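Shared between the two complexes below is chain A, which has chain B as its partner in the first and chain C in the second.
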Partner chain A sequence: MIPPWVSALAWRTSFKLVGWWPTALSGLAIALGLAFAADSPELLPRVVEVIVPLAFGAQAAFVLAPDSEPPLELLLASPRPVPWALWERLLVLAGLQGSVALVASVVTLSMAPDYGLAQVIARWLAPSAFLGGVAILAAQVTRQGVFGALLATLLWASMLFGGDALLSRWPSLWPLHLFLQPGATAPALYAANRASLLAAGLGMVALAPRLLADEERALDISRAAERR
Partner chain B sequence: MKALLLQLTGIAGYELRLQWRRRGLVVLIAGLVLMLALGTLFFSRASQRYSFYAEGAPRPAMNQSTMSGSWAAAWLILALFLPILAAETLPLDRQYGVRELFDSLPAHPGIALAGRVLGVWAGVLAGLGGVALADALTGRLAHGPLDLGRYALLWAGSLVPLALYLSGASLLLAAPLPGRRAAALAGVLVGIFSFYGRATVLSMDITLTPSRALWPPIYLDQLGRLLSSILEADYRAQVAALGIQTQYFGPTPWENLQPLPVICALGPLQLLVPWLVAWLWLRWKETR
Partner chain C sequence: MADTSRPLAVTGLFLWLWRHSGKQDQPSADPLLPFAWLRPPTGIGSAETVDHRESENPFWHLPLHGTRFGTFLMRLCLLAFYLLALLFILG
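So, the complex of A and B:
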């Protein structure tokens, strides 16, 4: 017996709108990365850690960006609350990218058994949640998915190439380092870093649907009135 | 000829206005001004050259941006921001429902495409001009007089070609894509491809082999190295004239770099490939 609220969900449409090819692309990139890093066990866990957060962040920006959603007015007029659509698409995206990341984590462990599964998952889960949160919130604030993708990409690159330099100059910024390495700091600090990133990311994700629920804001009515 | 030019400038003007209204250029300019100003005011303190100056030695007429290291930050912003911004230019027409309108214009699709690219380039150049002025002003206030000739050379030879190349290539490669999301993701890939190539692989080896010449970031890398080497040689000459010893070892001496004409020819040649892709796609679409 399927509960009535389950049938009210539009998983198939969400899957169609999220699309399979970006997930296939990140899967391919991970496979290539693992193949190239096969001879360097210290690099293996970094492959999933680097690719999945970027793929998730860049895609999350477009799950339901008001300016990139032509039927938004129709969605707002329907009995189903619009934030549902956002949650559904986000969960589908998390499911797709998360599955690829989990499979890649298991493959990584089979290639480099010294790492624990929890550690390999913590490496990509926390930055993915943070970048996803940043992307989706920026997309709702600016109404344009492209700004969410821009911010996520910029944060990803600056933390990947300059995160360690940032910490060496300002050590108190440790909660912000997306790619902090487990061996580079005390285990408690590393756990706190992962927890803070996860909490901040989930907080931003939770805030985004609230912005979308504001119909005037979503349709840009107040700004349009100001311009007139 | 005059009608052709009018069509071209008309479409370019339309694209420039569209870019400005989408606020992307404004965000890019603000991000660059902020990053270069922060680099000038704060990060330059970590530079070896800065500590050399802090010892009380007379300061050679040297560009502040090169010594502060903020140039790398500007590269990061441009390489990652601009391709995403430019990529959605043509797919956006389909979302706004003006694609058919463009197709019905008397202008040839090739002219329309060139006009759109020129419009984006005009916006990027105007934005970078503003950023350069703001950066020069900050540098003047923070570090004293600048060598404006060298400063202009640095912009004209490194960040400007980078910006033109990335925005043009990204716009053209994303032309056949169906929507904004696909275009933005393609822009992310172009940006990472260029940035990662410059940041890691190319830093290890500067030899310009025929196969490596096909790889777009190599043009930007070679050009950047050439310019910084000229500036470095200038810097060394000034330091030597002052009779001061410095421990800082700058970029590769320019004599080891590839010949300038080869470097300058590579960029436009590499831009021809995406241009051909976009043009063939437009032709195919026209005959469908």
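So, the complex of A and C:
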């Protein structure tokens, strides 16, 4: 017997809207990256770490951005709360990108057995959660998915190339470094860095549906009234 | 009138960090300064120096420390986090 709340979920529609090709694209990029880095074991775990957070962040910005969602009024008028749609699409996206990342982690371990599975997963999970949170929150605040994707991309690039420089100038900013390497610091500090990124990312993800649940905000009624 | 104190405070903090991130831009007599992190400590008292630097900043050994390019990248990070903070405040 299927519980009634399960039939209220729209997984198939969510899967259709999230799409499979961005996931296939990130899978292809990871495969190419692993092939190129096959001769250098120190680079292998960085392939998944670099590609998955960017793919997840860029895609998360567009799961449900108010201005890019033509039937938003219909969604708001339906008995199903609109944040459900956001949660469903996010979970589908996390499932798709997470599956690719998990498979890639196992492949990485088979190519470089010196690393632990937990470490390889921690490398991509924390920055993915953080960038996903940034992207989806920015998309809800600005109502445009493109701003969320831009901010996530800017954070990704700046932290990938400049995170080490930032820490060498201000060491107390260690909770913010998305791509801190396990060998660069003490294991406890590394674990705390991963935990802080994960907590901040999940916090932002939890905040975004609350913004969407505000109907006046979702329809931009207050700003439209101000403009008049 | 909108409350401007928080955006102004965040902007002030951002500008302060921006200004102080360039402190290491001063030209040095040591042409190898950008690659100083590669050099192993040598000489009497070097171990003490390393311990001292390590205790002050556990990340002093990371690449790009003290280089102009490192400062540029650092400022890029600051800009990204500044935009994120503004988003939180104004949103």
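Going forward, the second predicted complex is superposed on the first by the 228 of 228 C-alpha atoms of A that agree within 3 Å, B and C clash if a C-alpha of one lies under 4 Å from a C-alpha of the other, contacts with A are read in each partner's own complex, and residues count from 1 in each chain.
Throughout what follows, a contact is a pair of C-beta atoms (placed from the backbone, for glycine too) under 8 Å apart; a residue touches a chain by one contact, two chains touch by 3 or more.
It should be emphasised that the depicted structure is a prediction, and the values quoted were computed from it without experimental measurement.
**Q** Quick one: is A:Pro22 in contact with chain B, with chain C, with both, or with neither? Answer first, second, both or neither.
**A** Only chain B is touched by A:Pro22; chain C is not.
**Q** With both complexes overlaid on chain A, does A:Leu54 touch chain B (first), chain C (second), both or neither?
**A** The first partner, chain B, only.
**Q** Would you sort A:Leu189 into first (chain B), second (chain C), both or neither based on which partner it touches?
**A** Once the two structures are laid over each other on A, A:Leu189 reaches chain C alone.
**Q** In the overlay, answer first, second, both or neither for which of chain B and chain C A:Leu154 touches.
**A** The answer is both, since A:Leu154 touches chain B and chain C.
**Q** Tell me the contact category for A:Pro171 with respect to chain B and chain C: first, second, both or neither.
**A** It touches chain C, and chain B stays clear.
**Q** Which partner, chain B or chain C, is in contact with more residues of chain A?
**A** Partner with more touched residues of chain A: C.
**Q** Counting only touches as set out at the top, which of chain B and chain C does A:Leu137 meet: first, second, both, neither?
**A** A:Leu137 sits against chain C, while chain B stays out of touch.
**Q** Where on chain A do chain B and chain C both make contact?
**A** The overlap between the chain B and chain C interfaces on chain A comprises residues 142, 154, 157-158, 161, 169.
**Q** Spell out the residues on chain C that touch chain A in their complex, using ranges where they run on.
**A** Contacts found on chain C: 17, 21, 24, 57-60, 62-67, 70-81, 83-84, 87, 90-91.
**Q** Per the contact definition, I'd like the list of chain A residues that touch chain C in the complex.
**A** Of all residues in chain A, those touching chain C are 134, 137-138, 140-142, 151, 154-155, 157-159, 161-171, 174, 176, 184-186, 189, 211.
**Q** Can you name the residues of chain A that touch chain B in the complex?
**A** 19, 22, 25, 54, 58-59, 61-62, 68, 70, 142, 144-147, 149-150, 153-154, 157-158, 161, 169
**Q** Which residues, counting only chain B, touch chain A once they are in their complex?
**A** Going by the criterion above, the answer is residues 22-24, 27, 46, 76-77, 80-81, 84-85, 88, 95, 179-181, 184-185, 187-188, 191-192, 195, 199.
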